[in-house]
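Letters A, B, C and D name the chains as they come in the text, with residue numbers starting at 1 for each one.
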Amino acid sequence: MLELIVISSLNGILFGMLLFLMASGLTVIFSMLGVLNFAHASFYMLGAFFGFQISRWVGFWPALVLAPLLAGLIGIAVERYGLRHVHKNGHVAELLFTFGLAFAIEEVVQIIWGKSPVDFRVPAVLDFPAFTIFSTNYPAFKMFMLLVSVVIFLSLLLVLKKTRVGLIVQAALTHPHMVAHLGHNVGRIFMLVFGVGTALAAVAGVIAGPALVTQSNMAALLGPILFVVVVVGGLGSLPGAFIASLMIGLLQTFAVSINTSPASLFGPLDPAWATTWLSDIWNVTVAQVAPVLPYLLLVLVLIFRPMGLLGTRET
Amino acid sequence: MRKTLLAAALALPILGSAAAAEDTIKIGYIDPLSGGGASVGEVGLKTFQFLAEELNTKGGVLGKKVEIVPLDNKTNPQESLIQAQKAIDAGVRFITQGNGSSVAGALSDFVTKYNERNPGKEVLYFNYAAVDPVLTNEKCSFWHFRWDANSDIKMEALTNYMKSTPSIKKVYLINQDYSFGQSVRSQAKAMLAAKRPDIQIVGDELHPLLKISDFAPYVAKIKASGADTVVTGNWGQDIALLLKAAADAGLKVNWYTYYAGGTGGPTAIKQAGLNHQVFQVSEGLANLDHQPSRDFEKAFRAKYDFGMFYPRAVNQMRMFAAAADKAKSTDPVKVAQALEGMTFEVFDGGEGFMRKDDHQFFQPIYISSLGERGDNEPFDEEKTGWGWRLVAKIDTQQTVLPTTCKMERP
Amino acid sequence: MRDITTRIAPPLPTTAEKLKFYGMWVGLALFLLVLPKIFASGGALTTFCLIGISIIFALSYNILLGQTGMLSFGHAVYYGLGGFLAIHAINYFGGHKWPIPLPLVPVIGGATGLFFSALIGWVMTQRSGTAFAMISLGLAELIASSALILRSFFGGEAGVSANRTKMFRVFELSFGPQIQIYYLVAAWTLIAIIAMYALTRTPLGRMCNAVRDNPERVQFVGYDPHVVRYLAFCFAGMFAGIAGSLAAINFEIANSAYLGAVQSGTVLFAAYIGGIGFFIGPIVGAIFVTVLSIGLSDLTSVWQLYFGLFFIGVVMFTPGGLTGLMMMHRPLWRAGMLTKMLPSYLLAGVPTFAFLTGIMLAIETTVHYTAHPNEDPNIRAFGIPFNATSPLTWSAAVLLIVVGFILARITWRRVAHTWDETLTAARAKVHPL
Amino acid sequence: MTNAIELRGVEKTFGVTKVIQNINLKIAQGERHALIGPNGAGKSTTFNLISGYMRPTTGSILLRGEEIAGLRPFQINRRGLSRSFQVTNVFANMSVWENLRCAVLWATGQRYAFWKNIDNLPEVRERTAQILEYIHLADRRDMPAGLLTYAEQRALEIGITVAGGADVILLDEPTAGMSHAETERAVELIRRLTEGRTLLIVEHDMSVVFGLADKISVLVYGQIIASGTPEEIRGNAKVKEAYLGEEAA
């Protein structure tokens, strides 16, 4: 039992940190550009596939740098030649543009790399168990993932606190209307923020690819959860996104390990009810509903605390 | 102007396929050919095209050429029905499909209703891979024939093998949370309890279908349970990722699976280093010591870069030809009547038969394991160097299960 | 007083205009009546049924997006629930021999859609804009996932099937043959189109537009934008339920895909591509998208990519959709100056076509390399054969893309210029100052 | 006779900043009252508080003796108080006719009707036509509001505000940004449209204020420093010092 708790906590924190790598970019982009980037998870996927392809050619470590760079450049191009163009047609058009983009990226990835998972392996240097806890191995690569996420998290904090762009971003987070008065190089800052945001998502992709799965549906699986994180944390709140990421990471991993169902708590249903719809609910375990929990959380938060956990504004 | 354009656009897909030649037998292949399931659907399509070619070089069926008409159903039941309608318009009287029991159920239902409402224009449905038992039990149809062993039959075969393997003591069940996974789970529990009451079921897991990207939490549970054997009906990424996570966590158990041989499976097994620890229950394997199937396999692999994944498709096509010969007609009703109860020398050797009661085909079932190859094992999988090795053969008679089907015949 | 009204208010329609207006609907009805006489194959009838269903669904979606400005990513929920209830109703009424004929089943679907949107909508419509979009997405995921857990009602991934011919019969109609289903769908489509058109011309319909344009100001003319959104949401849910139940009748099966993200995405595509700013926009879009999704997969295996790219193109270049593109030309058409644009359109059309051909060639050859690397390089796409390995093909693709792009840029600037001139001239001609 | 509007000890704080400090204000029925003061004095905030756009931190706001503080804007509007906006705030994609018609719908009791043909409502037609005539935009009837000139949009803004027939009208800088001639026409329009109604107006143009208002209140740093007839305000030393003096200089 203890073993399960320790392993689940580690996995949960890890998943949460990965979510945060993406959610941070998404939050900043939303605050500055006012666009909820539907294609954000697609950049995570692009990161994983670029990482896979580049590590085939030149190895994992260069890929860890090159893949996010490449994805970031694509992000910049998307902002410069796509979003900016669509901006004049309003927010709905922008949202739909990123929606279409997510759709197209998934198709392109399917065309190039196919639908089945690709063989993206953990680099040999890190392919050993970091430690063994109650006879379960914990892979070194996962520790490495944790390390990378924490390092990026810290450097992000540093950039936000210490640089001029960081200050502008911070200001934008709290006073989104102020961004309009930023002056002549606002376009460049938007581009930069979009590029960095998508590159961060791609970093998450490169490190998650070998550990989890590199497959064309990975964006579609993660995308909605990412929105849940951002909304639950509070739109425009970085600390909120951080807490929500960890919360959802832990929630999902722990839910999986709980086999409790109403039936196991209160005993089986009365036979008169046993074949009705109630038995579906009665016999379902927490583990089975694990994937639904984030959405349930989203709906609850939106009903009871519409601005999110740490958010300050309503939309 | 717009109306004419519209009419033209509508007419294109509809009229374009209307011309049906009488001297060919068209078999509509309804499976995913775009998007999600395309890679699997392509493998099936090429298999059937290869088999149609085989029949045609022997002079076709009753002198008529066999043509496979590919139809993309996008793994969606509604879309499958649209495509079936399209196929029927194009003169197709035989359709075949395999991916997804939900699609199979919808198609079987559709064909049954269509035949009832359009007497004289009957259509037959050959199912080569959808294994949901209901299709040959509660929801059986005269117009549906299944060549794959349904999941209960496979479990019967698997448990018959497990019965004679005393090293199995603690079994963990992990399955996808949908009808197929649930039937694997409940049958495993029932059959093991009957055949090996000493085996302890230490875990019984259902996880969401194709939505898990990290199986580490599940593997932690398996590990915690102290299981020595895992039984799973998982397929696709759900088996590949499960094995990957198991290897990461250093889980040492034996895996009894239905679909470890599917696309990506062997690669994952090799990567996880599970040498002869992953077993698969199937109706055939490439390395079987049976010359005709080996020759076939060789020719097949020479043409495509994947192995013969569907021995049952071979049985299906060859039996179709034999039934047409027997009936001396390619009329679907007559072919169906000829198929009922037909016995047949199957692709991998041995005798199989199409049970009249429920249109389920019975055949020898094999248990095999993937790992390093021996001398008489020429074929590897997915260029891993590892191949399937025969572990046990379960004879046809040992796989026969009762059916609840009440067949309504025309 | 009276004379101010007659002098200033927009004139009421004359008898002739009224006749024309009602004649249009009668004409549409007649068109739907004779359509299956022209295209009689089973596939054509199925296609028409799907188009009808998709029209109702897309129009219902546009009550949200186009009329009231609410971007929903979960509209299929009400479509799907309507479909499931309809299937259960067919089974139940058929099994218990209730004297309810099949054509009334969509009423149940509509009531279901209305019930659930009324239930869920109150909380959802408190927010608008991005927040509403997010909630709709989360809720759709929640309900679609729950559908797989509540097996006895939703039938798991296999769904629930029914036999529509087992219902009570009136006029000896069995509703087995597709032609009868066609007329059923056509009748309901006509009813739904008329009802939704009428809705746009009511006080509520106009306040929906006002909420879309400026929800803040609406509060200061006495309306609660939340209530307006809520009512619009309920109507959208109701018509979506009708569409879903028609789909259930047509396929005789309802499964969890009805509720899913793909269905929600498709209706968004259809409405937007058609043009959300016009009532007929979603109708055009529904026809276009349905025909494409059925027919395009015969032509190329990567039809979804073209679909996605096309959608992005619409969002970027013609935010008014296909209908918007047509309507743009109305002033020119009225002034009889449409021909002035033709030369520059032709001039721009050639390089644009070349550019698009180049892109398609590049996509198809790439697909060949990744999907079928060891096979016959002579492939066909859109019915045109070409050799995917030949350097000629590759250089042709590159040449078409590069040259096409450059020339298209130049020529489209010219088009924009001519457009401005012609439009000014056309306006001057119609409204001389 | 109860006052049309009465503010009692109204305060509004944003975070730590007190934008409105203890305002007390009475506006009699039928009075034309102007609210003046330098930029940032809190005039628009006062409007937002009265019209329900914002909720006061403390204090009460009475409309004809009834508490309205904390009510939503549409509830206040239904009780007969209507306001315009400093920044033009019309339904840009709808025609001028549609704009005005939306503004009369609630007042004519249409509510959320979805069973009536909107073109078949004689009362709505009449009232819309009347307002359209008043604001001199009859020849712009079918033009999208977003395409009107600035002055026309301001006129439409006023039209929307009065169309519902509210008897308490709040106008926020109705003539801002207008030329001299346009301003004169606008004042005339306001005078005519608010005949017999209560008017509270925020205005910077002193000629407008003194030409139109029966009473004037001066708001400086969130406080009312003086309130009275135009003559009284003109002679008030505090006002001269804090406000008019600067304007004159």
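Annotations for the structure displayed:
By our rule, contacts are C-beta pairs under 8 Å (C-beta built on N, C-alpha and C of every residue); 3 or more make two chains touch, one makes a residue touch a chain.
The chain list, named the UniProt way, goes like this: D = Amino acid/amide ABC transporter ATP-binding protein 1 (HAAT family).
Small disclaimer: the values here were computed from a predicted structure and weren't measured.
Chains that count as touching both chain A and chain C, per the definition above, are B.
Counting C-beta pairs in contact across C-D and across A-B gives the higher total for C-D. Among the other chains, B has the CA centre that is most remote from the centre of chain D.
A simple rule picks the central chain: find each chain's mean C-alpha point, then take the one closest to the mean of all protein C-alpha atoms, which gives C. Centre-to-centre separation between chain C and chain D, using Cα means, comes to 43 Å. Taking the mean of the C-alpha atoms as each chain's centre, chain A and chain B sit 36 Å apart. Distance between chain A and chain D, defined via averaged C-alpha coordinates, is recorded as 48 Å.
Inter-chain spacing, taken between the CA centroids of chain B and chain D, is 74 Å. Residue numbers of chain A whose C-beta contacts span two or more other chains: 107, 114, 288, 291.
Within chain C, contacts with two or more other chains are made by residues 145, 302, 304, 371. None of the residues of chain D touches two or more other chains. By the definition given earlier, chain contacts exist for A-B, A-C, B-C, C-D.
Across the complex, chain C meets chain A through its residues 65, 69, 71, 123, 126-131, 133-135, 137-139, 141-142, 145-146, 149-153, 261, 265, 268, 272, 302, 304-305, 307-309, 311-312, 315-316, 319, 363, 366-367, 370-371.
Remark: chain D residues 51-52, 72-74, 77-78, 82-83, 85, 89-94, 97-98, 101-103, 105-107, 110-119, 121-122, 125-126, 128-130, 132-133, 138, 141-142, 160-161, 163-164 touch chain C in the complex. Residues 6-7, 9-14, 16-18, 33-35, 38, 42, 72, 74, 76-78, 81-82, 85-86, 88-89, 101-102, 105-106, 109-110, 113, 116-117, 132, 177-179, 208-209, 304-305 of chain B touch chain C in their complex.
Against chain D, in their complex, chain C makes its touches with residues 1-2, 4-5, 7-10, 12-13, 198-199, 201-207, 209-210, 212-214, 216-224, 227-228, 231, 235. Against chain B, in their complex, chain A makes its touches with residues 1, 3-4, 7-8, 11, 15, 107, 110, 114-117, 119, 121, 129, 132, 135-139, 211-213, 215, 217-218, 221-222, 253, 256-257, 259, 285, 287-288, 290-291.
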